[in-house]
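The following blocks contain the structures, represented as C-alpha cells.
Each of the next two complexes has chain A plus one more chain, namely chain B in the first and chain C in the second.
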Partner chain A sequence: MSAPDRRSRFPASQARKGGRSGDAPLAIVERPATLVQVTARKGRQAELAAAIGKALALELPEAGRVATAADKTALWLQPGSWLIEAPAGQRRVLPASLTQALNGIAAVVDQSHGRCIIEISGAEARAVLARLCRLDLHERAFAVGHSAATLVGHVSCLIHRADGETTCFRLLVGSTFAEWLLDEITAAAASYGWSFNSAGEAAA
Partner chain B sequence: MTSRRLPAGGLIDRSKTIRFSFDGRELSGHPGDTLASALLANGVRLVGRSFKYHRPRGIMTAGPDEPNALVELREGARREPNSKATEIELHDGLVSRSQNRWPSLAFDVMALNALAGKALSAGFYYKTFMWPKRFWETLYEPLIRRAAGLGRAATEADPDHYEAMHAHCDVLVVGSGAAGLAATRAAGEAGARVILCERDALVGGGLLICPQHQAWHAEMLAALKALPNVEILPRTNVFGYYDHNLLGGLEQVADHRREPGEHEVRQRYRTFRAKQVVLAAGASERLIALPGNDRPGVMMAGAALTYLRRFGVAPGENVVVFTNNDSAYETALALAEAGLGQVTLADVRPQSELAGVVAARGVQVRLGTEVAGFDGKVALLRPRGGTLGDPVVADLLCLSGGWNPNVQLASQSGAKTRWDATLASHVPGEPVQGERSAGAARGLFGIGAAAHDGAEAGEAAATAAGFQSKPGFALPELGRSEQALAPLWEVKAPGKSFVDLQHDVTAEDIRLAHREGYAHIEHAKRYTTHAMATDQGKLGSLVGAAILAEARGEPVEAVGVPTHRPYTMPVAVGALAGHTSGAHFQPVRRTALHDWHLRNGAAMQPTGAWLRPFYYQKPGETGWAPIFREARAVRSAVGICDVSTLGKIDVQGPDAATFLDRLYINSFSTLAVGKCRYGVMLREDGIVFDDGTTSRLGDEHFLVTTTTGNAAPVLEHMEFHAQTVWPELDVQFCSVTDQWAQIAVAGPKARETLAAAVEGLDLSNEAFPFMGVGEGTIAGVPVRLFRISFSGELAYEVAVPSSQAETVWEAILAEGKPFGIEPYGLEAMSLMRVEKGHAAGPELNGQTTAADLGMGRMMKKAGDVIGRVLASRPGLADPGRPRLVGVRPVDPAQRLRGGAHIVGEPGSGTSLGWVSSVTQSIEHKCWIGLALVENGESLKGQRLFAVSPLHQESVAVTITSPHHVDPENARVRA
Partner chain C sequence: MHLIPCPYCGQRPQDEFHYRGDATVKRPAPDAGEQAFYDYVYTRENPRGWHDEWWHHYAGCRQWIKVRRNTLTHAVAASAGPADALPEATP
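Take a look at the complex of A and B:
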C-alpha cells in the first residue's frame, strides 16, 4: 500500500486569491521539490564537487549563488554545504542515491519535507518583497543566479531570482513557517492583488 | 467672516468645491488647499490656544514649522491630535477641531493664566508643585495635565493599516525644489538609481511660488518621469539620517483622504539605503522676538507669499512686513500687487537696494525701522533702537528674521554644522558620510543658484556612486546677488516676546534660565522647554540661542543650538510598527498536523513561536474535563500526541560520537546503533542547558532531539563549538526539525495499536525493547520509531516525513480506535510529566545543576565535557542546594500553587525552596507538584508547608520522591 504524496504545506481551505483587483497581481505558487542537503566531510569539498558533477552533471556554486543544470539546481547554504533541488518525483530516489554516491565524502540529509518553496512572480514582485525583506533585490544588485540567506517576513529564508520573462523570486522557507510566510506575502501584496496555487497532491 | 480668496491664481482647482468642518462650522475650500489655506480663505483668524498661557493664536506658517495651528483631525478611532493645519491636505468631509481651549476657542477660562504670567515663568512647575509631596499625584499632576495637554488621542484601536518598505538606491535626494530636481536629473541621467523624496504633495518646493520658472519646472518633471531609474516619492518626509547612509522616512499614502481605500495603507514607513545622499531640504524662515509676535495676524513673510501665490488667499489687508533681509521684499511686493490695502515694509537695515523698486509699486518703505509691538490690530513702528513708536494699522504682521538652512539631516549624519556669519545661521559642515547638501539647505538662495548647485551635487553624487556623465540640461539663470542681512534676534520692548510659540517660551524665560544657572544651551532648553514642542523649534530655536548668547556675553556661534536628532517631524508610532501588529506581531510556527488539530476541536496554545494543541474539547466538557479524559486514556489505554515541535538535529561524521561526548555529560560513543539514550547538556557555567534523547542511526550518524524551546540555541551551541573550539573535529550537522513530524503513541495499548499499523518492524518487547530505534512503514509511508516515553507509560514516538504526517496520524488513530485512543494535548502531557517527575521548563530554569535535578550520577567519570569544570564549583556542588522532590498536600482536598514557598512552619520567613510545577493527578486524585527544596533528599516523608502569601494560603505538604507515578519505571519497559 502506498499513500498519495501530499506535497502541499497548506490546508486545502487556503484562500486562492485576494487583495485589490489590479492589473499586475502577484502570482504565488508553491513548488514541491526534492531537496537534499549535502555537507562535505572535513577537507573533502573538492571530492564532493567532483562527485556531484559526476552524479548530477551539476556544478556546485560559490557562496551566494545558485547553479542550474537540466532539472537540478544547487544552492549554496554555508561553507561546504549545498542544497540540491530536483523535481518532487525524485523524493524517494535522490536522497538514497546521493547517500550512496557521496559515502565518506559528505553528509547527506533529506530536506524535501523540511523546506517549502514559494515562488512569487509578477511586475510588482520586487515591490512586494521590499515590504518583507531588507536586501537590495534590484536586478543590478541581485541578478539571476544570485541567492541570499536572509529574513523575509521575519523568518529565515533562502531567496534567489529565477530566470524568465517576468520578475520571479523563489523563497525556501522552513516548512513549519510556510503558512506564516504566505500570510505575510499576501498581506504585503494586498494593494496589488494576488493569487495562490498550492502544490496539492501527487501519486507516490 | 469675509472670504479672503483672491479672484484668481494659485495651484488650486477652483472648479471643484470641498466641504469640511472646523470646530463644528461647515466651511468649504478647493482641491489643492491645505486646511490652513482653506481656513484663511474663509477668514478664520483664530485657530488655537497656546500651551501654557492659553493665548489666542493664528496661522503662522505654511509648512512643518507651524507652532500654532494644531488641530484634532478626524473623529472617533481615527482622531489624530496635534495635526498641523499647514500640512493637512484638504479633503471632502474633513473634520477638525481646535485644541487646548475650554469651553470654547473664543472664550477660554485658562487664558487667565496669561494675567498670572509672571508666576508661570520657566521652571515654574519644578519650583511650585514640590510640596506637599502627596499632592503631586492626586492634585497637581492631573490639573496640570488637563490645563496643559495638547490634543486628545483616540482611545479606540486604530482601524487603519500601516506597512514598512525598504529601498536601496545609488543616490537619494531629499527635497524637490530647484536644487533637488536638478540633482535628481543629473544623477538620473548619469544612470544612477535615484529616489527623490518630497515632503509635500506637490513636487517643486520653492518653484511652486515662482511663476517665472514654471516652464523650467514642468520640463524638469517631464524629463524625470521619462527616466525609469528615477523614483519620485511625494508626501514622503525623510525624518532621520542614521549610520551607513541609512535614512528613514514616512510616506503619507492616504492621509489626504478621509480614509484609506480598500487594501491601502494609511502611512508607509520607509527605509533608504543610499550610496550617496543629496540633501536639498531648503531653508526655514526665522522668527524675530518682539512683543506680541504670537498674536493672530502674525505670519512669516515666506508663508504669506505662499498663501498668496500657491493658494490664492490674501492672508491680510493692511500689512506690515518686518525684515532684516531682502527676501521679504518679494512678499511686500506681491501683497501690494494683490491690491488689498496699505503695505508697509519696515527694514531694520539703514539702506536697501530694493527699497526704490518696491516703493515704486506702492509699498511704503521705512528703512532703519523696527516693529516694537503688535496687538493684532496695530503695529508699533519705531526707529531702530529708539523708544518712541508710531502706530500703523495692520491686521497682518509679516516677519522675516533671515533664513536657516535645514541642516537637521546633515547634522544627524554626523557632519558638524558651521556658523555662517553672512547668513547669521548654521550651514552643514564637512560630511562624514556619503552626503552633500545643495541649494538653500547649504545657504545658497534663489532658484538659479539652487538649480546650479543641485546639478553639481547630483553629478558629484552619481560620480561617487560609480556613474559618470555630464548633465546636459538647461538651468535657470543665476539671479542678482542679495544684499547682506543685518542679524536681528529681538526687539526689546515691554511685553511678551516669544522665542517658542508652541511651548510659550519667551525671551525673558531664556534670560531667567541663564540667571538661574542654566547657561548651557542643552540645560536652557530643558529648563525652559524651548524648542521641545512638536514643531521642534524650527522658527525660534536659533533666536533663543542668540538671546542666551547675549545673556552670556558671547557670540551666537559660541552657544550653538541643541543637537539635531531624529525625527525631523513627528511620526506616529503606528507607522513605525507598520504591519507588525496583531496577528502579524511575531512569526507563528505550525506543525504539519496543525490543520488536523483545528478540525478536531483543539484549543491552540502559543508555546514560543509554535502553536500547539492545549487540549481537544468535546461538547459539554468544561474546566479540566478534557485534560483528565485525555490523560486517563493514556494511563489506561492509548493516546496520541503531536510532538513535532521537539528540536531535531542530524549529526554525522567520523567524529560525531566524540562531538556528542563533549557536549553531553553522559556518553554517546558507547551507544549501540539502533538504540537511543537520554542525555543532559550543561552550559559552560555548569548549569543545565538542555536535555533530550539522542539516537544512533549508524556508526557515524546520530539524531539529537532537543526541547522545543532550545532547538535553535542548541544548534547555535553546536555551531559555536564546532567552528571555534573544536575545528579539528570532522562532524556535520543540520536541523531536521521541519523535515520530520513526530507522533507520540503512549499507553498500555500503544504496542498493540502500533503493531497493527506498522509494517516491517517487530514491536515485541524482545525485538524492540525500551530505548530501541527502528524503521518501518505506516500506510506505506516510511517511518522511524523510537521506544521512548515522556508520560511514563509504554510509549513510542513515530517520526514521519512531515508532508505525510496526517496520513500516518490517521492510520494510527484508526488502529487505536478499538482501544479507545484519544489525541492528547499539552496540558495532559504536562499533567503526566509532573506525575512521572520529569524535569521540564520550570525546573530547567537556568539555575539548576544536573545534581539538583537528581541526575548528578549521569556525569561520566572521564573525559572533558562542557560545563564539567564550573559545575564542580563549591556553590554548585553544595549538597544542601535545592533538590528536585515531589510534594503532595496532606489533606487531598487542598490545592497546590506553582511558585509557593516551602517553609518549615506556617508563618516562617525562611524559605527552603519553591514549588516549580503543579497539576491535578489522575492517579492520586489530588493536587501534586514538583519542588526544589534545600536538602530535599533528606526531607522525604517529612511534613512541611507550601505557603503562597499572595493567596494567603498555607498548605501542609508531604515531601515525596518526584516520581509520583511508577517510581520503579516498570511501565515503560512492559
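Take a look at the complex of A and C:
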C-alpha cells in the first residue's frame, strides 16, 4: 500500500522569480496529483473503457486527446494505455480501487511518485514553448483538450492544453527530469519574466 | 527537418524516433538451418529507393511502426502499426 506523498519534485528550488519583469510573466506551478497508468490486457480494451466509465464516469479519449469529468482527467498515452489524473488527496484510494475494478482487464500502475505535472500559463506560454518543443501548438492545431507525447527541452513529456483564463499548458514529465525541465523553461522564459511555485508552496 | 508520419501521433520530427532496421525480414522456420538463421540475423539488402523499415517512436507513443521510406530522396510513402501491413507497392 502506497503512503501519501506530498513531497515536491523540486527539493532544490524555492518559490522564486526570474528573467525580465513584465505585466504578465509566465507562471510556472508544480501541480500535485494522483497519477495512475492503466494499460488494457490483450483484447480487453473495450472492457477497460466500460469499466473506467462505470468506476469513474470517465470516457477514455482517443489518441492525442484528453477527457475530463468532475475531478478526474484521462490522458491518452499510447495504444491501449491511458493515464488517470486525480487530486493529490486520492493517492491512498485511487490506485487500490482501480486495481480492484480492473482486475484481469488492465495493468494498473501508481505513477504518482514517478511523474509530475508542471503547469505553465500566461500570455507568452506558447512563445516560450516554441523555444523548447517542435510541435505546432497554435490554437488551430492544438486546442484545449489536445495532448501529445513528445520532446520538450530534449525530455520526453506528455503535453496538453488546459482550459483557463490565460493560455495554459501542462507538462507531464518523469520526476527525475523535473528539475532539469524547470531550468530549461526558466531559461527559455528569461526574456519575458517568470515565477515558480512548487507543490508544497502552492498548497500552503 | 525530416518528418515521419506516426499512425498514432501524426507527423512528428525524426528526432522522436530511433531507426530499428529492415521490416521485411521474416524469421525462418525452426528447422531452416544455420545459413537461413545467419541471413535472418545478419544479411541485409542495401536498397536504393523504396524500403520498408522499422522505426521506434520512443519519445511519443513508444510503438514500433513500419515506415516505407525512399532511401534516395527520404520521401515517406506510407506508415502502419506493427501488426498492420504497408500497402502492396509504391510506384
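Annotations for the structure displayed:
We adopt the following convention: the second predicted complex is superposed on the first by the 190 of 204 C-alpha atoms of A that agree within 3 Å, B and C clash if a C-alpha of one lies under 4 Å from a C-alpha of the other, contacts with A are read in each partner's own complex, and residues count from 1 in each chain.
Following the convention adopted for this analysis, a residue touches a chain if its C-beta (ideal position, glycine included) is under 8 Å from a C-beta of that chain, and two chains touch if they have at least 3 such contacts.
Please read these numbers as outputs of a predicted model, since none were measured by experiment.
With both structures placed on the common chain, the touch criterion links A:A70 to neither chain B nor chain C. When the shared chain is aligned, chain C comes close enough to touch A:A149, but chain B does not.
Looking at the superposition, the partner that touches the larger set of chain A residues, chain B or chain C, turns out to be B. Contacts of A:R134 after superposition: both chain B and chain C are touched.
With both structures placed on the common chain, the touch criterion links A:T176 to chain B but leaves chain C unconnected. Across the two superposed structures, the residue set of chain A contacted by chain B and also by chain C is 134. Chain A contributes residues 1-9, 11, 13, 19-20, 37, 39-43, 80-81, 106-107, 109-115, 127, 130-131, 133-134, 136, 138, 140-141, 153-155, 174-177, 179-180, 183-184, 187-188, 190-191, 193, 204 to its touches with chain B in the complex.
On the side of chain B, the complex with chain A involves touching residues 163-168, 193, 262-265, 271, 273, 579-580, 583-584, 586-592, 594-595, 610, 644, 650, 652-654, 729-730, 732-740, 779-781, 801-804, 806-807.
Residues of chain A that touch chain C in their complex: 63-64, 77-79, 134-135, 148-151, 156. Within the complex formed with chain A, the chain C residues making contact are 1, 8-10, 12-13, 15-16, 58-63, 81.
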